[in-house]
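Chain IDs A, B, C and D follow the sequence of writing; residue 1 opens each chain.
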Amino acid sequence: MTLSCEAPVVAGMISRQALEEALGGWMQSWRVIAPVRQDGEVRFQPLDEPAAVAWDYANAKHSAKGVYLPQVERLLTYARTRDDLNQVKATDPPAGPTMLFGLRPCDARARLMVDQVMVDGVCRDRYYAARRDGTVVVGLACEHPRSTCFCGAFDSGPYDATGSDILLRSAGDMYLVDVVTERGAELAKDLALEPVDDEHSQRAEQAQAKAEGALRPMERLVGIEAALEGLWDDPLWQEISAKCLACGTCTYLCPTCHCFAVEDRALGDGGERVRAWDSCMYAGFTAHASGHNPRPDQASRWRQRVMHKFSYLPENVDAYGCVGCGRCVVSCPVNLDIRQVLARVWAAARTQAEESAL
Amino acid sequence: MLPDEIRATIGEWLATGEVDLFIGWEPGTVPLTATPAFVRRPDEVDRLIWDATCEHNLARFVRPYRDKTVGIMVKGCDARALIGLMQEGQLKRERLRIVGIGCDGVIDPRRVCERAGVESVEELDGAQLEGDVVVFGDLRIPVAEILFAGCETCNQRDPQVYDLRMGPEHDETSLADRYAHVEAMAALSEDERWERFTSEIAKCNLCYACRNACPFCYCNVCFAEQTNPQWLTPTAHDPDVSFFQIIRTFHLAGRCVACGACTRACPQGVDLRLMLDKLCADVAELYDYVAGEDPEAKPPLTTYRQDDYNDFVL
Amino acid sequence: MTDAHPHICHCAENAYLPRSMQILRVITETDDHEIKSFDLVPVDDGEPFRFTPGQFCELSIVGEGEAPFGIASAPVEESFVRFSIKRIGRVTTRLHSLTPGTVIGMRGPLGNGFPMDAFAGKNLVVIGGGFAFTTLRSLLVQILQGGDRDQFGQLQVVYGVREPGLFLYREDLAAWQARDDIQVVQTIDVPVDGWHGQVGFVPQAVQELAPSAKNTVAVICGPPVMIRFTLPVLLELGFGREAIYTSLENRMQCGVGKCGRCNVGSKYVCVDGPVFSMAELDELPPEY
Amino acid sequence: MSIAGESTNWEPKILAFLCNWCSYAGADLAGTSRIQYPPNVRVIRVPCSGRVNPLHIVSALRQGADGVLVSGCHPGDCHYLSGNLYARRRFALLQRYLTYLGIEPGRVQFSWVSASEGGRFAEVVTEVTEAVRALGPAKRLNVRAESIVAPMELS
């Protein structure tokens, strides 16, 4: 059910210094996006010099979603004339390959899930597809998961290679280079790799064990879609959403949330039609012009958020709409923790099963 | 846990049905954060806490239950919000059971991170608040040094209205330095002020957390979400953001009680006090009015005087 | 799930690029001028616009936005594409101000449309209420004039509105009344002088018509209250829930299953619908 | 409306909200008395100056107005008794607030002009027009301003 990939092949190991040199070369042929620390905050930004990579970052507050699904993306520009109200010109999505360097495994997996909705779904989104097809990912395994990370609950973990073309695993002073895809193999050719000696491979294994051990224990979430089946009218939705401020921060920071609005903006004599991030947490998301709203309150919106991620997406694209990165837990102004919501879902399903068994 | 007699009274309120619901705080799942708690049964009262992490203005959550009797915990500033909502006919005093807390200020997680040298709060795994000191490994940071900016110059630490009183009494400091940052901004040149304002709101991505955290933003359809006419498009685009920020804050003129809930709720770290405190200062100067003090007073923009300030008119 | 058949995508390379369509005719359908029909023709000479009755398009006016509308013309009426639009919001108000000759944008055909193959060989009961008669007209005109009327059995139509001035497509209705291979019952809610036809709500009219359920499919579009009270009548008459189809109306923007807002349960109304059978809807949560 | 730019023959575009009972009538009187005043003003008639919402004023600046004038009855003359008195507090705060945030003070002006003050209306319009002309085209909130129309790398 969850996203997965073939077992990666260790191609060799390389020092950080040599990696930064390779990055210098890669920056000539790719627009390299990497985690960069700037005034106290790590953000995914175009890299201007290899040394700027924040190698030891926990995870960036904003996911890398802005790279493959920008917050505001111009779809069309238009000129406004009296009789022709469709004088439009499609904007060309940015050509030129992009390298997502230093992506954490959860973000790498998140991108694959969004791909399936935006490109492999019924219709093909040309703007998204252009960005995706030109992107290659060099993942960076997670040595220090945080207290809010729960990637383990999806049978994944801080060293999951899914979604990366190459996965770097730290082994003290060196990085082990796992090749995951053909594109990864191509990339690995640019690296001055040394054979992996036992000492480093052991160190990498220890680091992995330590990282996987650091994950807070949490009930496995694979299979939760069955638990959600009978909970449509359960009071849990009312209770958990009572404190929600409907600010949509969780959806903006979430690497898998991909819902958007299409808006026209007047600019001078013409304007532009843009796609911009939207959120199911807002009332206007589903409000009809007639005033009817199929989701009138925050409880129904929270139910949609959970059902979309943990029931509808598994049914439609065979992948959960959550990778356990914990960003929504960290940044929610009222600390509405989705892990607690999902625990309530399991509990409500169990009580329901017990009641129906009576 | 709350002090025993407070816990007992709240439990009694719930047991006898004097309140249908009690709104307070309980420990959060992220270090050094509390989370709003909605308690309905006496046995749940033990979940409730009060300390310097309880930063939300709970007055925001009362309106949906205004046909019931609601118990609520409020700091000095939050209590003013309750009074403001009574002035605007949104809440009735007899439908509220208020636990008023003398407050020494709440923690600003961003300042804790700076002091502890981490990027965000959840890396402070295991950090504890002991009394008025934050303990994280061998790091001990007094709460007084990591307060939310608004709390440092707060002159409304004690609740004006309550049924139960908790926490210390304060002799209120003068208003003098409360508007220091407003005067600093006003002293800048016109271009500098515009630069300061636009750079502050450049971080805003129109998620409306500030509006949704504010007890006084309760319009059914906010101007920001009207579609016919559509005043702004919800895409984070300079004129839309400045338009939203100017109009939304202006709607708080003469109503804002400077509780800071909006600034703390902002995921992008926009300092809304820079704007709202200017309105509070002007309202105090021109109409000698401070929001949330007297339940009977009429908010300044809902009344007038013949000899009101008129020099600005051509 | 019975014969769910999602939208087959032959969108242009750029699903968001509207095709330029010129307004050929504007017909004021109702006496209160609130609903107008717009007949559009492509400006470019690209390949003709092919669609199935029941599908919809996003009509686009730059600077105002886009909105979804059911296609009211039938595929056989190749010289124009008709949309009947009620003035209610920003885009529709602007549309109502337009005159023939103006060019607007159109994206489509979107959605799945009626399962014409499932209807073949069957009798049809078409029930419409208020202004939700657009795609039903497309269906009926295609059956009557599409050249294979004999593929379908008996055709019975019940069309109810509040008052006589609100009927859409009055020429078509008059023409159908004159035909013998289609039975049309027009009803209005309360008596109005000058109206000699039937009076009463749609559920009553269907009860009086009492169409036989044998080898018959029902299609019902209209305000939710009308559907809620007509459904039991059909079930009583023996219609199976998999033989009753309706078309849902949800807030839409992309129209191609991406922007995430028009779902009912796990189905996107814009690609998995808008046409659903009641059996399909029974498996989805009551969220529309 | 062309993109507001530094073109030489730029003429300030000023939006005036005139209260129907006094200022609008004053403007009428200025016209019937053949009093000359700059043509830069476009008038929106409102029942009372109290009807003008700060939303309208800031939205006007956003849509490209270089200046906004709101003119109503003198205090005490209001046809609705207190409309202008409520408005006075609202505008006093709004003008100080916009100035504080960095909008040039001349952009938004308020005046009281009675139905019999045709000359006074012309004076006010001239004063506002010259003030706005001195300030140049509005850039700060204007959605059509050069700085915003420039193609932005939106990702």
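Methods note: a contact is a pair of C-beta atoms (placed from the backbone, for glycine too) under 8 Å apart; a residue touches a chain by one contact, two chains touch by 3 or more.
Quick caveat: nothing in here was measured; it's all calculated off a predicted structure.
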item: Most remote chain, CA-based centroid, reference being chain A; value: D
item: Of B-C and A-C, pair with higher C-beta contact tally; value: A-C
item: Intercentroid distance (Cα basis), chain D paired with chain C, Å; value: 48
item: Rounded Å distance between chain A and chain C, as computed from the means of their C-alpha atoms; value: 39
item: Between chain C and chain B, distance of the C-alpha-averaged centres to the nearest whole Å; value: 50
item: Centre-to-centre distance between chain D and chain B (centres being mean Cα positions), rounded to whole Å; value: 35
item: Overlap residues in chain A, where contacts from two or more other chains coincide; value: 71-72, 261, 263-266, 274, 278, 289
item: Overlap residues in chain C, where contacts from two or more other chains coincide; value: 89
item: Set of chain B residues in contact with two or more other chains; value: 227-228, 237
item: Contact footprint of chain A on chain C as seen in their complex; value: 6-7, 9, 11, 13-21, 60-67, 88-89, 92, 98, 101-105, 249-251, 253-254, 256-266, 271, 285, 287-288
item: Contact set on chain B toward chain A in their complex; value: 28-31, 33-36, 38, 56, 60-61, 113-114, 119-123, 125, 205, 207-209, 212-213, 225, 227-228, 233-237, 264-267
item: Contact set on chain C toward chain B in their complex; value: 89-90, 93
item: Interface residues, chain B side, partner chain C - complex; value: 227-230
item: Chain A - residues contacting chain D, complex; value: 66-67, 70-74, 94, 265-269, 274
